[in-house]
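Here subunit A shows up in two complexes: once beside subunit B, once beside subunit C.
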Partner chain A sequence: MYRGREGQWAFYLHRISGIAIILFLALHVTEISSSMFGPKWFNALLKFEENPIFGLGLVAVAALVLYHALNGLRIILMDFTSWGVRLQRQLWYAVWVVYVVLGFPMLFIMLRHVFVGGE
Partner chain B sequence: MAFRARRLEEAKRLSTSNLELAWWVFMRVSGVMLVFLVLGHLYTRAVLFNFHHDLTYDVVARNMSTVTWKFYNWLLLFLSILHGTNGLRYIIDDYLPSPRARVWVKVIVYTLVFLVVVFGTISLWAWNYTPVR
Partner chain C sequence: MQVTLKILRYNPEKDARPHWESYRLEAEPMDRVLDLLHQVKWEKDGTLAFRKSCGHGICGSDAMMINGVNRLACKTLVKDLGTDVITVEPIRGLPVEKDLVVDMEPFFEAYRAVKPWLINDEPPPERERLQSPEERAVFDEGTKCILCAACTTSCPVFWVNGTYLGPSAIVQAHRFIFDSRDKGAHERFPALGSTGGVWRCRTAYNCTEACPREIPVTQLIEEVKRAIMFGQM
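And then the complex of A and B:
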């Protein structure tokens, strides 16, 4: 159906971002849930995560989540409307327009949190 | 066996069982819900709040002890884990040709997912925190 063009990229990106997101999700749930072991353990863990690498990792995951969410809405439009499949390529470009509009401010704010913020 | 359908009618025709069709519908329904839940989570936790510098034990403990956030997080946990694990199942079925390897990979993946869900749920419902000060 896609023959290696935009739709194929949309499909692969959706799968790759999906795999990355579930791996992050498993780590994230484990990490946050471990707060029940008490402040001594959890604050030590957070101290370890103060390395900007972790902050940048979160920015990267947020970027993948935003793509997966928007392309997921594109898939739903393709599945449940009469015109979605016909316009799938245009819809993919629309995904990227919304991605930049929402993603740019998010990227700016999140990078500020990592490198500038903190009392 | 997972199937690729582009329309609901096609999904009904291609699905090998009612369960498989239910999963197909679930991916769409949970997907729409997750767009709002996850982007809401990102907005409150990563945009409004400085996730990198201001996250402490107290912040998490206070959040987890609020009934509203307990439900929000629990719904988020369940929908995202089910959506993600079913997505992994599609990928395993697509790329692992050997039935033996499939079974083993699935057993490992489902076990890990189960442990994460149990751990997360225990943590969520165990919280009953009152700040010291």
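And then the complex of A and C:
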């Protein structure tokens, strides 16, 4: 493994999270379009997806979306400002600070929904 | 001090694939990795192949992957590695010819693609083409490049893409695009704006970290991106 620094890991994680989001989107569209076959199939599928495995998968996708969104803002700053590239490392740490601040309440709400249920 | 030098060896006439070989060497902390390679070649195994020329960080011949990072063997001191196990591999993304020697032709092909020479059809003035110190400073960083390929072969996109020009060629393009005497931007933009051009850069910064001349490579690539996008030229 090439011993790159923050930028390399930011890129790898961005690419992996991007692919995961696309795969989720494909799955999601497939799920919704199953309603074409009538309520019987659609409801059965939704029932099947009540399994906590899917709930945890959703938490994982949400975690990846949050990283992809925040690092995307970092990339916009690097691409469109004269100072973004110079501060790329600090920006990456800022991404993780915001990630934790936004991610923890999200995690709490989602996990409660998965295991306790309700609104 | 005793060090272990692990080299990824490959002899195309004998080996199916590269393999590691270890050498126990007596080294001084101020020895360069290049000195260790010489010690192996001169005293232990004369078949070891690697490229070097000036040995002083100017010719750009001896870029290699040392302890997982691209560096020049002649500018890397044993003491700076902070370990007594030193691994040396050929730079990645170019075909290995033997041991640490790679075929640099794809690298130079990308270099030629950006037309790295002055393009200006205007009749030459009676004396030199004048330039202010401020105009000169704009492209100063790119002039430091020694074409060692440490940046290009540290790039994750270059390893897998196959068409990407690579950081070094873009740095060379930057050196001329931002030169006030040069009028060739429109001739260079087709190669730079194509699918193998600047848009393949995903800002992983390995190039910037690897450059032995401390050129802010990613910064220059981003400037070329903006020049193309906003039609600055």
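In this text, the second predicted complex is superposed on the first by the 114 of 119 C-alpha atoms of A that agree within 3 Å, B and C clash if a C-alpha of one lies under 4 Å from a C-alpha of the other, contacts with A are read in each partner's own complex, and residues count from 1 in each chain.
Here is the rule we use: a contact is a pair of C-beta atoms (placed from the backbone, for glycine too) under 8 Å apart; a residue touches a chain by one contact, two chains touch by 3 or more.
Since this is a predicted model, take the numbers as computed values, not measurements.
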item	value
Subunit A as common anchor, with subunit B and subunit C clashing or fitting	clash
Touching partner for A:78 - first (subunit B), second (subunit C), both, neither	both
Contacts of A:117 with subunit B and subunit C, given as first, second, both or neither	first
First, second, both or neither for A:8, with subunit B first and subunit C second	second
First (subunit B), second (subunit C), both or neither touched by A:29	first
Touched partner set for A:43, first subunit B, second subunit C, both or neither	first
Partner contacting more residues of subunit A (subunit B vs subunit C)	B
Single subunit C stretch clashing with subunit B - from 40-48, 148-156 or 220-228	220-228
Subunit B and subunit C footprints on subunit A, overlapping residues	1, 15, 75, 78-80, 85
Subunit A residues touching subunit B - in the complex, by the definition given at the top	1, 15, 18-19, 21-22, 25-26, 29-30, 32-36, 38-39, 42-43, 46, 50, 52, 54-55, 58, 62, 65-66, 69, 72-73, 75-76, 78-80, 85, 106, 109-110, 113-114, 117-119
Interface residues, subunit C side, partner subunit A - complex	65, 67-69, 92, 154, 156, 202-206, 208-209, 216, 218-219, 222, 225-226
Residue ranges of subunit B touching subunit A (in the complex, touch as defined)	5-8, 11, 28, 31-32, 34-35, 38-39, 42, 46-47, 50-58, 60-61, 64, 77, 80-81, 84-85, 87-88, 91, 112-113, 116-117, 119-120, 122-124, 126-127
Sites on subunit A touched by subunit C in the complex	1-8, 10-12, 14-15, 75, 78-80, 84-86, 88
